[in-house]
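In order of appearance the chains are A, B, C and D, and numbering begins at 1 in each one.
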Amino acid sequence: MSRDALMAMAAAREIRDGDVAFIGTGLPMVAAYLAKATHAPEVTLVFESGIIDPAPLELATGVGEYRLAFGATSIRGTRAALTLLQQGKVDIGFLGTAEIDAYGNLNTTAIGEYHHPDVRLPGSGGANDIASMARRSVVIARTGRRRFVETLHYLTTPGHLTGPGARKDAGLPGDGPVRVITDMGVLGFSPETQRMRAERLFPGVTLEALQEGIGFALDPPEEVTTIAPPDAGTLALLRRIDPAGTYVALED
Amino acid sequence: MSRDALMAMAAAREIRDGDVAFIGTGLPMVAAYLAKATHAPEVTLVFESGIIDPAPLELATGVGEYRLAFGATSIRGTRAALTLLQQGKVDIGFLGTAEIDAYGNLNTTAIGEYHHPDVRLPGSGGANDIASMARRSVVIARTGRRRFVETLHYLTTPGHLTGPGARKDAGLPGDGPVRVITDMGVLGFSPETQRMRAERLFPGVTLEALQEGIGFALDPPEEVTTIAPPDAGTLALLRRIDPAGTYVALED
Amino acid sequence: MADKRVSLDEALALVPDGATLTAGGFAHSHQPMGFFRALIAEGRSDLSLMGVAECWVAEWLAAAGMLRKAWFSNFMFEGFGRCRRFSEGIENGTIAAEDHSHFGMIMRLVAGAERLPFMPMLSQGGTDIALLGGFEQPEDKIRVIDSPFGDGQRVTVTSPLVPDVAVIHAARADRLGNVQLGGASAVIEEQAAAARTVIVTVEKIVETDEIRRTPEATLLSALTVDAVVHLPFGAWPTGVYGYHDPDMDFLSNYYAASRDAGACSDWVDRHLRAPADHWAWLDAAGMARLLALRTDPVLGYRPAEVPA
Amino acid sequence: MADKRVSLDEALALVPDGATLTAGGFAHSHQPMGFFRALIAEGRSDLSLMGVAECWVAEWLAAAGMLRKAWFSNFMFEGFGRCRRFSEGIENGTIAAEDHSHFGMIMRLVAGAERLPFMPMLSQGGTDIALLGGFEQPEDKIRVIDSPFGDGQRVTVTSPLVPDVAVIHAARADRLGNVQLGGASAVIEEQAAAARTVIVTVEKIVETDEIRRTPEATLLSALTVDAVVHLPFGAWPTGVYGYHDPDMDFLSNYYAASRDAGACSDWVDRHLRAPADHWAWLDAAGMARLLALRTDPVLGYRPAEVPA
């Protein structure tokens, strides 16, 4: 069974038909095309490079790649793409991260003290904008106690900040993260605390094993279900979307 | 002798070579093409419709006319054209008006009380934007005591507002009007008061006759000269630019 | 993206009594007159306009007695003169006006489109546009504030406007609502972005694959458009760049009628209310008249006619 | 408009020691590497960058020891990983960093371009981007304020940035500086609008009449451009949409060298500093390599090669 395939399936499931989805390179791009090929044929994909609704003949390895531009219905600049977020026209965005805390806040800037970091990371890019302004966002992050941390070294991208009311005080219009998709299962957020809690587990994963890979205490779950493994049709689609397994390996 | 030709000449003279000039329909368009054909070959014309630097084969009768779009080096929308003003990239703009006061403030909105006007006029359009943000502006207005008034019925477009310092307090970046070109001569503004004063008279016009056509007391002039009538070459150019005499009649 | 093609009647139903509208085009170009002709024939009451330069829309709605108020920056007929029914509506108090500069109107629409409580800008300050309200309180519309960064700069800020419906006429769109248009695009992008519902009427509906050939030319992306109506000559008697010139004779005929309220009312009944549908409206104009307006594809306009 | 064509050397002279720069392009596209290769060969000190996504410019300036600080939103190598010399410069304190989101950087450039003391926006609030300064005081960069219209909305405002020089690589321009470029245009318009001096390097200089054929495609108008340099393959080893793909092998070769400071320094000396001029730089790459990068005019990219 492939964890990558389960993650791609879980990510695809977050996309509703008719959504406008802000997509980056990698697993989210595979997930978006999986959604489009299955339950969400009318999803519109937007990329921060300014490419809208492309029809690429093969999987692109970057949002700036020319093969991604092929067949777009609109190509503008980065400001135009990000302005769609500010206009409230983007339903869902996907984010990756180096660190994530219990509120879904992300760090992609620095490990260590910001001014003299141990490891300088690339910085926000469009992530802060997506997480601030898309109606909802989804984080994709493999578990690990150095990734899922109690305290971020730097808060690059807002999740629920310090909890209820904090996003509004900070002027952020979007609802923030609704799911965190890991290699062990899918997490959500308790409505009362806006802290993370388990929702769905991958086959063979226990709640205890999941908690083990998380560096903070998860909120008590409401209900936890187990996700069914991908069927042959889904696997075939994933193979067609990402033939080389660049982002989604079909074998662990 | 043609007053129109003198006005067009005087307006053309306000354009410096290399200027970016924001131009409307009518006499300013003729003046701009006269300047381009004589001392300012490198002037760039910008129109509020979003047309930049066109090469029309014949005189357009409107900034939205398709014959004006011919040969443009750039065509965008109105926001893009007006944003050039806000970026400080426009050197000079031309304005017409129904009323003008001693500070060069203009009314193109209403005659009578604003909420229940005797005559409702078209409104600002781009005029306020040009007068607020171009480096300098030039007003073209035939004399008359109902046009040159002590008190406007409505202040649509800023001249020097209430005098020194007022534009800065109102957040306006441009220097405001530098000349008012009338059918009797050219007016400027006293540096101390920023009120209007005579600068140059058309042939045969006296200072007294000019003041007679103005409904407020002009500031004392520094020096008043008389403008030489257009030579045959200028008249021939005007005839070529506006063959039908639509905006510039060559006979009074 | 779903198929957004609807009939003209279905699109008209998106505009209820009391709606706040904005319409594309400026001068004698790109105004969605076919749509508004039909709306006038159907009849609506208490409409408002958040307009920039859609002078013909404003004027005909005023002439039909359907316009109650207007936020706007400039309505006039380039080459003719004032919009008489609109202007007299303000003069006699039947239409309420709120004045702006063009950039001021655009910035209010941009603020509305981008969910911003205000936009900063460098014009309008110090004038009656900022100081004297029409039907708004001036302090709800424009303020001049000190920069919050304490640098001493004074800057005008203006509040957002969100129209209920934007109506745009364009050259072509696909069924999803990807819209392309040649020539100067006026304020179409900002109007469509700001409105809650966007209706686009087009000369031609093309396959999405045709749009994909020139993605840089897409003015409105499908994700900002709600309804697409196939309405050839839908801007007539105003023009469409690359298709046809404005019909200056027809416009002039209206302008002459508009100088008298009674004559104008007759004109509206006869020309706007009488046609049974869009085709009857075009048929009344006649083939010879409409075809004569076609622009030269090289010049982009209709050159002067060769004398017979 | 005057003729703005200058030689590469003349354009380089517009960038003094201590200059603040911004450069076009993003990911592996449209970055003005030919210009910066030559600038590195000439040598400059204490440069700053106001950047958005010009990762290769940032990295090579860092690798050459010429970069002192950067306002920016994201520098990384799509498909490879971190910009090592740039990142290690921050880690070891030789480069000072001020972080933003992409939209935050763009809004600061827009404010700078439009003479506004600030721009309002809806992202960045509540995060360390807003709360923790790099080399700026946070309150000079971003504040969250209440709307001046008293509607209770909280909104982020950000202060302007004005680079001394913008360097852009594009497909073509005329001698006056009207610039056209296919594909996604990244942040080129905002960068050029904000900078005091704008240098454009192009694949091809065309007649102004050629620009006039497609005025809608003009990305930068001549009135925003100060210098035009004819510099074919001036983005190489990054790509130019419609001309050539990025040279992933060459970029990868650099990326491998960059993982070690010493190896990287050798690489910079050999590849960037040694060539006598732009042609020597391209000749070192060789004709076969450069021609193999050409994109298919129908697809817009270079399809996978057919195995021999």
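Simple rule for what comes next: a contact is a pair of C-beta atoms (placed from the backbone, for glycine too) under 8 Å apart; a residue touches a chain by one contact, two chains touch by 3 or more.
Just so it is clear, the structure is predicted and the values come from calculations on it, not from any experiment.
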item	value
Chain C and chain B - chains in contact with each	D
Winner on C-beta contact pairs when A-D is weighed against A-C	A-D
Computed distance of Cα centres, chain D from chain A, in Å	28
Geometric centre distance via CA averages, chain C-chain A, whole Å	40
Cα-centroid distance, chain A relative to chain B, in whole angstrom	56
Set of chain A residues in contact with two or more other chains	69, 75-76, 86, 173
Residue list for chain C, restricted to those that touch at least two other chains	114-116, 121-122, 153, 155, 216
All chain pairs that touch each other	A-C, A-D, B-C, B-D, C-D
Parts of chain B lying in touch with chain C, wherever the complex brings them together	25, 48-51, 57, 61-67, 69-70, 75-79, 82, 85-86, 105, 109-110, 114-129, 131-133, 154-158, 161, 166-173
Touching residues (chain side chain D, partner chain B) in the complex	1-2, 113-116, 174, 176, 178, 193, 208-209, 211-212, 215-216, 218, 221-224
Partner chain B, residues of chain C touching it in the complex	26-29, 52-53, 72-76, 78-79, 82-83, 86-88, 90-91, 93, 97, 99-104, 106, 110, 121-132, 134, 144, 153-156, 183-190, 239, 241, 245, 295, 299-301
Touching residues (chain side chain C, partner chain D) in the complex	114-122, 139-140, 143, 145, 147-149, 151, 153, 155, 157, 159, 182, 216-217
Residue ranges of chain B in contact with chain D within the complex	18, 20, 42, 44, 46, 52-53, 55, 69, 71-76, 83-84, 86-89, 173
